[in-house]
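As structure tokens, here come the structures.
Look at the two complexes coming up: chain A is in both, with chain B in one and chain C in the other.
What follows is the complex of A and B.
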């Protein structure tokens, strides 16, 4: 009997749809799908043209389509694409590790210790992080030659890593400090009573709790070198040392070496892992961004 | 400083003077202060009896000093006597026993002279403490060592005995337990298959069974005699190391407590050591008796005299002349001498000198403070105490030192150099040798003169337009999308969210370059436009065409991020707000306007300011899309194009056209504006206002 009644009854929590609301809902769907198209169309073109074997130097949309891997082949055989990938990964990993090392110490020290000059240096850190990295471009090149004279074997890539990591210290310290601040100090007090030293408190108490934030910091420092074009274009001289961004740009920036479909192929290969990473970790990445901007 | 009639210890307790001649001086001093005009000789005569006792005191102190010397000289003899009574063979125990006996003897000796000096009192009590505690520490070690020996012997015996039966028993138990686990798991699986427990519960239970089984097996294994004994051995070894360390630390901190409570009397009135040793950090500490601490300051001295100062004077430079390079800028130097190298090395020299100065200052302050404390009557820290303090309050400095160094040389140094370059004529004609020209660059920029300064205001205008429109568009799109997707009746939220994330997730340089390809003459989108309008519109050749496409493109790129942020905040708005609004009869539109939008705006405001500054500096989109073009030499000269932002203009000036001087000046202006804007954002943020730094 109940089943019979249910058919005629309106049982939803929400108020029933009026005709006006139905129209509004339809418009919403239309807008949303239109924007889906706006996003997917260009991205789809990248994918399509990277597999389209009927293009040679320039990308053509429409016309004959011939599925082939020849642009990928071109990338790996004619261009040092693999080298670019390796360079970028090496730089990215080194940046992430170095940033973590620096920031763990400073974030912990600034959150848990009260020392002379703390407030002043925090202010300084705040100011420093507002200064964009490009300010030093006039000095970077010469600075590298001076440092490499003092420390033989100091390569341009190492310098790039130092710039990335050093530039990230200020803002990441703030993020981590804010995060550690939110952890009760009772835990470390208890650990100290049990005889833990400074490092032990960090390693055994703080680090396990802040691991999510450390992961976010590491992830952002890792992704940074994949996205940056400007610094590598200034500091790295030789195409063999290029990162992906600078390397791929050489495929489209002058008409003699122009190979647009190969660029699409390289772009696809670069974007794919990062997109997967972003989709998998979107929540964490966004929360990391948010806390970074609010700054503790 | 004054002698005073009393002295104060570290805790703040006042103590009477025991050194009577110092006490006399203090009394005289007091009298002189009360009656400044009185004759010194007459004051002295007033204290005749005191003078006499002071003289007696000096004499007896000298006697005791002599006795003390003789007593200490006999220490080796006493040791021979102790050696007969100690039967232990362990070196550490023997050492402790001797030390305890010697301390007992000393405690007795100094105990007779406590009245003479606080030093003797401290020594007496300190040695008594050692004499009481060391034997205990030694006996604990003796006991543990004996036990260890027994256990080791037993272990050897157990190893030689036949283990097979115990082992077989254990194996049997293990097999049984594993079988039991298998059975349990099978049961679980049955329950899961029948739908009685969820997949999550199934996984959890399985893990728990695994854990329980391995725990049980491990516990059983510990019961094997060999396992048990070797465990015991490990434990004893740990005790041996750990307990001693702790006991000794306790002894040291007890002594430290004594030192805090027992004052010191010295005849020094003026902290001259700190002034005398100001130029040699470490020497002062050594003279005050803090020898280990002085080593660290001596390292600082070495740094200052072997690295910082020679470098500043031009020794060991790469090419430059240390600090003088800043003045000369390689003027008149050989062809290899470059002004920029001289400048950077000059700045490095200054940084090194500042660090050296800080070391000098710290050392002076340290010695000065300690001397003043000693004059007051406080005993300064011994190494144990210094180390304890350094471990606690020195940690933040050690922890942030590497970061500070990197920031100093990789971040601040280039900034300083850029500031300096902005005051020079570093341009294509003066690449290797440039000189100071004061504010000329800034003047050129503000007046819009010269090759490089001419387009400045045009570019600034476009930069502002770009920043406002591109960011606002992205924020608007992201906002609207977030509101639309998060409506109750929209299905497929996950799908939309994933798609809308893509422009952010795909590295921007790839999309920008790809759009650049599509808008190139004869590119796909140009052809599409041609088909739609019937005219050939070459976006990249038209200034406003390029600009509008850039703004739209940034709207496309930037909206994802805003969308994600807003979605996160929308989901966190408590539902009861809307329920309350519903009950009060608010329409959906009213709810959005009065609840959703205010919360969104309030929470995302700082991030949105960040978006504006980001776009202000958005180099890659401008440079990678059209290289800043199209070029309009009549308006912009031949460096900049009509879509160049200040940042890409700086890049072109410094990297491509080598107008580093002007480029640096523009950089300075841009940075100051940025710092100002960010600072406003900060100072309004919650954490800053609540002073929760």
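What follows is the complex of A and C.
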């Protein structure tokens, strides 16, 4: 009986729909579904073709379908795919860690301390951002030769990490500074009276509060090396050193050793680490921890 | 602990003038000292200097005879309650309260004991494992107090801790804070812009304005003998009535010459040097006596009546438009636009030199 009563009640917060609004709503749903289709259809094709054993060099839509792992096998046996994965993950993790470490310090310093050249240096960072990374290629080469002369073991992959992290530090400093700015400085004061030094204020008070933002920064810097094809292909010479994006590109850039289904399979596998990281960080990504710190 | 401020001043970087300067102050052990002043007078700066959160530009700060200027806040043995409470949002109430002890590497059992003790005192035991975002403003305020209590610090600093509470809760917490102060037996320094809080809680009030101390003393002293016109206008609600005028033949003559006041003999003696000079006369609203009299009488028209129950505030106008506030018992019957006779209680008159604004009697 209670259920029946509930059915008759109009519980939505919005006013009831008029016929015209129903039509508009239908149209927006159609548009949204179309949009979803445009995104999901190619993805579905990638998944399907990567498991389709009847395809060889090119991906063909339609035709016979035969489930097999042959393209994956090809990647692991004929190509140094595992090597690429390891390279990429090492570079990505190193980039993420380096970025996080530096951004933590720079973001906190720019937000909390007043020093000479604070505004000017912030401005400089912002302006340098507008120059595309690729323009710096000559500078990268020079830098690399200087560094590798000083440190013999300095590999090209390490250099790639430095380039990625350098770009990430600059842009993320802004984001983190803005986020820390929104935290009341009374928290710092309270921590200081409670017995914290400068570093402890950051580690014990500020860092846990900005954790959602740090998680996002980590995620972005981690994904970067997975997506970038250009820099590794120029800086890394040896296919054994390639990252995933560059390595996979060798499967489709030449008609002689073209292997599109393997490319699709590789793409599918590339998504895995990112998805895993996403799931792992999901809890941290939930923001809004800062509410309740000061009276709201 | 006795706190001593010797000629303390603060100048912020990039500012032209000192925010606060030449502050000499002594706060005795177990005093409840309220630093009072309008916003922007430098009272928070003063408190932050005592806490060590802001550096001292000039002068010396002593805690029990020890110079504290360059001692880190964590080593000053102070506890502070902030206006925004500044609770750590990622910690539970328990962790918030335990944090300062944990930083001092206190034993776990000691921490637990002290936190529970403070929680019981403040009646927040049931929220100990909630996050600050899950509890109400009043409860957060208690947690902020609790965090300061567990330290058992020698000096207890509070920066407008009640300003975010609603009126009822504020009234309640005022009493609680005084009780707390008495039971903790610490030296408390409390910053506020609310003169009611200062009057009700303090054993010693320090009134600041424009970076200078205007008066130091007990609440009674502030009410009965304000040191200058600023103090007279700041302390007391409703604000003291101030009449401008001059002294003529030993009597106070208002500037529009519409009434004459004959001060008591002692005041007349003190007013002698001001014969013919400009003087301001202050009288609190409750020092008007209803009814006609031969001397010191005024006749005013009631403009607005504020009924407060036990008393009523009559906002009155003189025939020339000058205004004054008179409070009378609530059961007296007044109506708007009526004309009434009052006379002034000469025991409750305050005289100020117009030039220096300093108190005369």
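By definition in this document, the second predicted complex is superposed on the first by the 239 of 296 C-alpha atoms of A that agree within 3 Å, B and C clash if a C-alpha of one lies under 4 Å from a C-alpha of the other, contacts with A are read in each partner's own complex, and residues count from 1 in each chain.
Rule of thumb we're sticking to: a residue touches a chain if its C-beta (ideal position, glycine included) is under 8 Å from a C-beta of that chain, and two chains touch if they have at least 3 such contacts.
Here the structure is a predicted model, which is why all the values come from computation and not from measurement.
Novice: Taking the superposition as given, does A:109 touch the first partner, chain B, the second, chain C, both, or neither?
Specialist: After superposing on A, A:109 lies in contact with chain B but is clear of chain C.
Novice: Is A:34 touching the first partner chain B, the second partner chain C, both, or neither of them?
Specialist: Touch partners of A:34: none, neither chain B nor chain C.
Novice: Would you check which partner chain A:11 touches, where first means chain B only, second means chain C only, and both and neither mean what they say?
Specialist: Neither: A:11 stays clear of chain B and chain C.
Novice: Is chain A touched at more residues by chain B or by chain C?
Specialist: With both complexes superposed on chain A, more residues of chain A are touched by B.
Novice: For A:189, using the defined touch cut-off, is the partner it touches chain B, chain C, both, or neither? Pick first, second, both or neither.
Specialist: Second partner only.
Novice: For A:151, using the defined touch cut-off, is the partner it touches chain B, chain C, both, or neither? Pick first, second, both or neither.
Specialist: The answer is neither, since A:151 touches no partner chain.
Novice: Just chain B (first), just chain C (second), both, or neither: which does A:205 touch?
Specialist: second
Novice: Once the two structures are superposed, pull the chain A residues common to the chain B and chain C interfaces.
Specialist: Common interface on chain A, chain B vs chain C: 197, 289-290, 293-296.
Novice: List the residues on chain A that touch chain B in their complex, please.
Specialist: The touching residues are 14, 17, 21, 25, 28-29, 31-32, 35-36, 38-40, 42-43, 45-46, 58-62, 102-103, 105-106, 108-110, 113, 115, 118-119, 121-122, 126-128, 130-140, 142-143, 145-146, 149-150, 162-163, 165-167, 169-170, 173, 178, 181, 197-198, 226-227, 229-230, 233-234, 245, 248-249, 252, 260, 263-264, 267, 270-271, 274-275, 277-279, 282-283, 286-287, 289-290, 293-296.
Novice: Going by the contact rule at the top, pick out the chain B residues touching chain A in the complex.
Specialist: 318, 338, 340-341, 344-345, 348, 391, 393, 395-397, 399-400, 402-403, 406-407, 410-415, 417-418, 421, 426, 477, 480-481, 484-485, 487-490, 496-511, 513-518, 522-524, 527, 556, 561, 564-565, 568, 588, 606-607, 610, 617, 619-620, 623-624, 647, 650-651, 654-655, 660, 663-664, 667, 671, 674-675, 678-679, 682, 685-687, 692-693
Novice: What part of chain A is in contact with chain C in the complex they form?
Specialist: 114, 184, 186-187, 189-197, 200, 205, 208-209, 211, 289-296
Novice: Chain A touches which residues of chain C in the complex?
Specialist: 13, 48, 51-53, 72-74, 78-80, 82-90, 99-100, 103-104, 131-134, 137, 140, 147, 164
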